[in-house]
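Shared chain: chain A. Partners: chain B in the first complex, chain C in the second.
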Partner chain A sequence: MTDRRLTTHIHGWLLLLPAAVLLVAFTYYPAVASIWSSLHSTPKGARPARFVGLDQYATMVDDPVFWKSLVNNLLFALGTVPVSVALALLMALWVNGKIRGRTALRVAYFTPTILPMIAVANIWLFFYTPGYGLIDQITGLFGLPAQNWLGDRSTALPALMVVTVWKEAGFFMIFYLAALQGLSPSLREAAALEGASRWYIFRRITFPLLMPTTLFVLVNAVINAFRMVDLVVVMTRGGPDNSTALLLYHIYEVGFRYWDTGYAAALTTVLVGILMVLAVGQFVFLDRKVHYR
Partner chain B sequence: MTVRRGLRSAMLAAAMTLAALPAAAATKISFYYPVAVGGPITKLIDDYVAGFEKENPDVKVEPVYSGSYQDTITKVLTAMKGGDAPQVAVILSTDMYTLIDEDAIVPFEEMAKSADDKAFLAAFYPAFMENSRTGGKTWGIPFQRSTIVMYWNKEAFKEAGLDPEKPPQSWDEMARMAARLTKRDANGNVTQWGVQIPSSGFPYWLFQALTTENDVRLMNEAGTETYFDKPQVVEALQYWVDLAAKQKVHPPGIVEWGTTPKDFFERKVAMMWTTTGNLTNVRKNAPFPFGVAMLPEKARRGSPTGGGNFYVFKSAKPEQRDAAFRFVKWMTTPERAARWGIDTGYVAVRPDAWETPAMKAYVADFPAAAVARDQLPHATAELSTHDNQRVTKALNDGLQAALTGAKPPRQAMEDAQKEADRILKAYR
Partner chain C sequence: MTDRLFDMLETAGAWLLGILWVLPLLFALWTAFHPGAYAVRFDPAAPLTLENFASAWAAAPFPRYLLNTVALVTMILAGQLLLCTLAAYAFARFDFRGRQAAFLLVLLQLLLMPDALVVENYRSMHALGLVDSVAAMALPYMASAFGIFLLRQTFKTVPGELDDAARVEGAGTLGILWRVYVPLARPVYVAYGLVSISYHWNNFLWPLIITNSVTTRPLTVGLSVFASTDQGIDWSVITAATLMTAAPLLVAFLLFQRQFVQSFMRAGIR
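And now, the complex of A and B:
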């Protein structure tokens, strides 16, 4: 009897093993190792790492670029998440309806998502180029002066936001589209029989039923906003004067340009902390309001 | 019978394999290099490597194009930490301290044994060696080195009523000429700017030309101090800012390094500051007669040197070090240095390269090629300190803040100095 239970146990653990190994190797071990090295100085050439306690975190408090990139990142999240989610919903509602060329439209909306980020960045880099770029070519027709979109502190970050929204909205649309097609038509038909307007149906039936999807999309969008780095690398390298520096880009610079790995580990720990708080917060506080009762 | 024949052919094959072995055991070295100017650089490098391998059949060089200078040092250091460093690489001369601090490279004195080799180390222009030596040792051999020069559009000068053969000689004159060269359309939008000094990526380099001309150094020789907040530095920055903000003869905001030559070809700008490394690119692509001049002076002439040096890595095995050193020597012989200068526009790095027949013929046909060389006596070392990338970024951020109008020049430079002091404290 105990033998059988033991075999079952072993069997179960063996089934879990591959996933557990991957999870430990690529998630838990790196996380713990980052925290560990964030408590040490950066090893350099002949100078090995030594324990420095919270020194790296004290440096962070004094690091103006860290604060700048944190603020930039919050602005970036605020600027991209609501817009891309709203656009996604709008597009999904549209291409879910019975319209001509529906498939083509769906494909068109989804195209930005399947392009590699580096390609997207290069395309938009061309759009934004002062004087030669698509945008300036068009505004030039109306006699407007050339605008240095990525070279101006006030427009550089919004310019990156536009690209992000363009890229993300199509991706989130897919989730909404799937959710919309999973809704039972009977609710809508019943409401229509009662004489409810389309807006009323959307507001009181469709949107509430989509809330779980919205939560999922929201969590992903926020995490994506804090993981953004490729656009920054290709389009602005954090400039001008750090006005487009985002957290992950700052980590990349500290880690791989300055090779200050100890400090980069501390920054990484903070970024992971922020992401955890955001995800947990969204699930705990929003989850209660999400499900239609 | 067939068995015996089979055996014999097998033995023959084995013997042939053995005979082929020494050739297969050629020393392999990998060579990382960046591309920082226009033109078919990767093809040129491949050709040079093929030429070297032909003369040195016991060495196999694997050239690896590694992106910009920035990407190159990132890739090299990443590869090194992963235990797979190249044996030789071209990296910014200013990254010398970083490579020393990482214990990544070997000084050339350790490889130069013979009298010939020692003479080789002394063959280069002193201005270039300023960024190659520290603590009495030579860590880098100059290769794709440059200074900043000014290119001007002779047609635009003529249209503006200026003498097309006379570039500006001083800061004031440059501002005055730029004002005449700036053209506006009916709506008041600028169609041609007077002058353009790029400020993306590495504005500190172009800025260092202005500070040198204002007779001030940005750092000490040990790489432990910077002087960003000196009054002459602030004054130099004020001049640059004023060109756009006050005099409106220079595009506002951040000017892209990469599109600056194109702006020049498209007549969007009449005078541009860029590396002499773009000379061949400009010569091929400018659809109008152009001139090349030394930068204008304030208190004196001046430009920082720039560009990349050869470094040999510590992790290379003795025979690889030897092969790498041979490769470096081969790439910088007077004939090759002259060829490379002609092919790209970089300054041929040693005086005797300018005495070769090829170079003499080239200069006679195209005198502009000698401008950068003639500017060398006025040149200074490029900004280089310990933790160079970081200190440089502090200055770059300050410059961009001032150029975009976020901070007045004095405050921008004081902030940059404060940041540099914080970073360099550990090395003093």
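And now, the complex of A and C:
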């Protein structure tokens, strides 16, 4: 019988092997290698990388663009996450009810999710064009002066936030919709029989029951905010004056425009650290909901 | 009475938001199908034209980009289906030594975003001599922890008696997987496939970094190159190119919107 057990072990590992090789090669190895390279200087020409300890991190502390992109990223998360999650909940409540044209509305809300971020960026780039773009055309009707939305330090980041909310709310709506459809209607019906108002039912019954979904969506939205890069690459390239530089874009610039791989590795380590904390938070929060059988 | 008023207000609000959400897309359609002069001038009598699509099609190798994207998405999906099925089967039904630890490691990948690891992955691809190839674009995404997890959960619900019955009939490990597990998990495969295709059709940063020639660039990168060289020259043509990039997925979505939405839901509940 030990033969059979041995076969099980071998078959199990053989089945896992192809996936394991790729996982190690493109996830675990690069993650560990980032930490390792971040402790070394960037190899240049004939000069190989040498161990520099925490020098790259000291550079980071003195790097104003790093701080700027970190603060921008926090602002970006603060500006986009609550709005898109609130809108997503509102959308889900609407299209889950018996509203007129429910299917059409679902499609309308969800469509931006299907579009490539690059397509979205191009369309909105056009809207934001000073003088000529749609937004200026509309504000012009009210006699407002033309605005360089993406060229102005005070409006560039909010302009990207608007696009992000538009793109993401419909995606998060799906999670709420799934959760709403999983709720038992009996509690709500009982409350309605007691004469509770819709607002009261939402506040006291529906919303608390949706809490696990809200946490899940919130954490994912924050993670997405720290992965945001496509819009920046196409719409602003971090400008003007680094006002739209976000962390991943800074890594991209340092790594692939200045080819400073050692410093990029240090930045990567920090970003991965942030993402891990957020994701672990998600696991801890959702522990009650997810069962790994 | 006030209830009806409230309902009407609510419907109006829902529709207003809906219109706001499709407006950018409708606007892009208007721009793309009308001559450049009408890009921001709404004249119902404006002549319709396919000129912008023709110009964009001629100005950049979009057919090639499309082919690259299709090759990329197909390669990733094929790899994912194969690798994730095998690994999920191992986790669901094989009690091998180190299984728990291996599964925890796989879950760890759910937390680690490939996007953040682009610098090291580029170095690896460079060392392997794979830079600027479709394989390099696809490889980091093939062993998807999400796919493994999703399929493992599904395989666990398959009754063990079916397994035994197939074994009695003389089926081997892979035979059982192919004849019993894969057919039973078909809806999950469809859901996972749709999520994967739409994600990789739209992926940008990694393809942008790893490709540098027309023969490998996918649509998203091709579009960004096209739009940045022609920046500000002709919005109608850029919009037409933008729609061409998004069109295949968008059309598929409109045709199969129910399946799309349900697959995202299924993927979301995980």
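Some notes on this structure:
The criterion applied here is as follows: the second predicted complex is superposed on the first by the 277 of 293 C-alpha atoms of A that agree within 3 Å, B and C clash if a C-alpha of one lies under 4 Å from a C-alpha of the other, contacts with A are read in each partner's own complex, and residues count from 1 in each chain.
Everything below uses one rule, namely that contacts are C-beta pairs under 8 Å (C-beta built on N, C-alpha and C of every residue); 3 or more make two chains touch, one makes a residue touch a chain.
Source: prediction; values computed, not measured.
When both complexes are overlaid on chain A, the residue A:G101 reaches chain C alone and has no touch with chain B. In the superposition on chain A, A:A86 makes contact with neither chain B nor chain C.
Looking at the shared chain after the overlay, A:V71 reaches neither chain B nor chain C. When the two structures are aligned on the shared chain, A:L177 is found in touch with chain C, with no touch to chain B.
With both complexes placed on chain A, chain A has more residues touched by C than by the other of chain B and chain C.
Using the contact criterion defined above for the overlaid structures, shared-chain residue A:K44 touches chain B, although it does not reach chain C. By the document's definition of touching, of the two partners only chain C reaches A:I123; chain B does not. Applying the stated contact rule after C-alpha superposition, one finds that A:G151 touches chain B and leaves chain C untouched. Applying the stated contact rule after C-alpha superposition, one finds that A:P240 touches chain B and leaves chain C untouched.
Legend: residue contacts after superposition of the two complexes on their common chain; A:F256 is shown touching both chain B and chain C. Looking at chain A, you'll find residues 129, 132, 256 touch chain B in one structure and chain C in the other. Residues 70, 74, 77-78, 98, 100-104, 187, 189-190, 199-201, 251-256, 259, 262-263, 266, 268, 387, 389-390, 393, 396-398, 400-401, 403-406, 419, 422 of chain B are the ones touching chain A in the complex. On the chain A side of its complex with chain B, the touching residues are 44-46, 62, 64-65, 129-132, 143-146, 148, 150-153, 237, 239-243, 253, 256-260.
On the chain A side of its complex with chain C, the touching residues are 8-13, 15-16, 18-23, 25-31, 33-34, 37, 87, 90-91, 94-95, 99-101, 104-120, 122-127, 129, 132-134, 137, 166, 169-171, 174-175, 177-178, 182, 223, 227, 229-230, 233-234, 248, 251-252, 255-256, 261, 264-265, 268, 271-272, 275-276, 279-280, 283, 290, 293. By the touch criterion stated above, chain C contacts chain A in their complex at residues 10-11, 13-15, 17-19, 21-22, 24-25, 27-28, 31, 39-40, 82-84, 86-87, 89-91, 94-97, 99, 102, 105-106, 108-124, 139-140, 142-143, 145, 148, 153, 156, 173, 198, 201-202, 204-205, 208-209, 219-220, 223-224, 227-228, 232, 235, 238-239, 242-243, 245-246, 249-250, 253-254, 257, 260-261, 264-265, 268-270.
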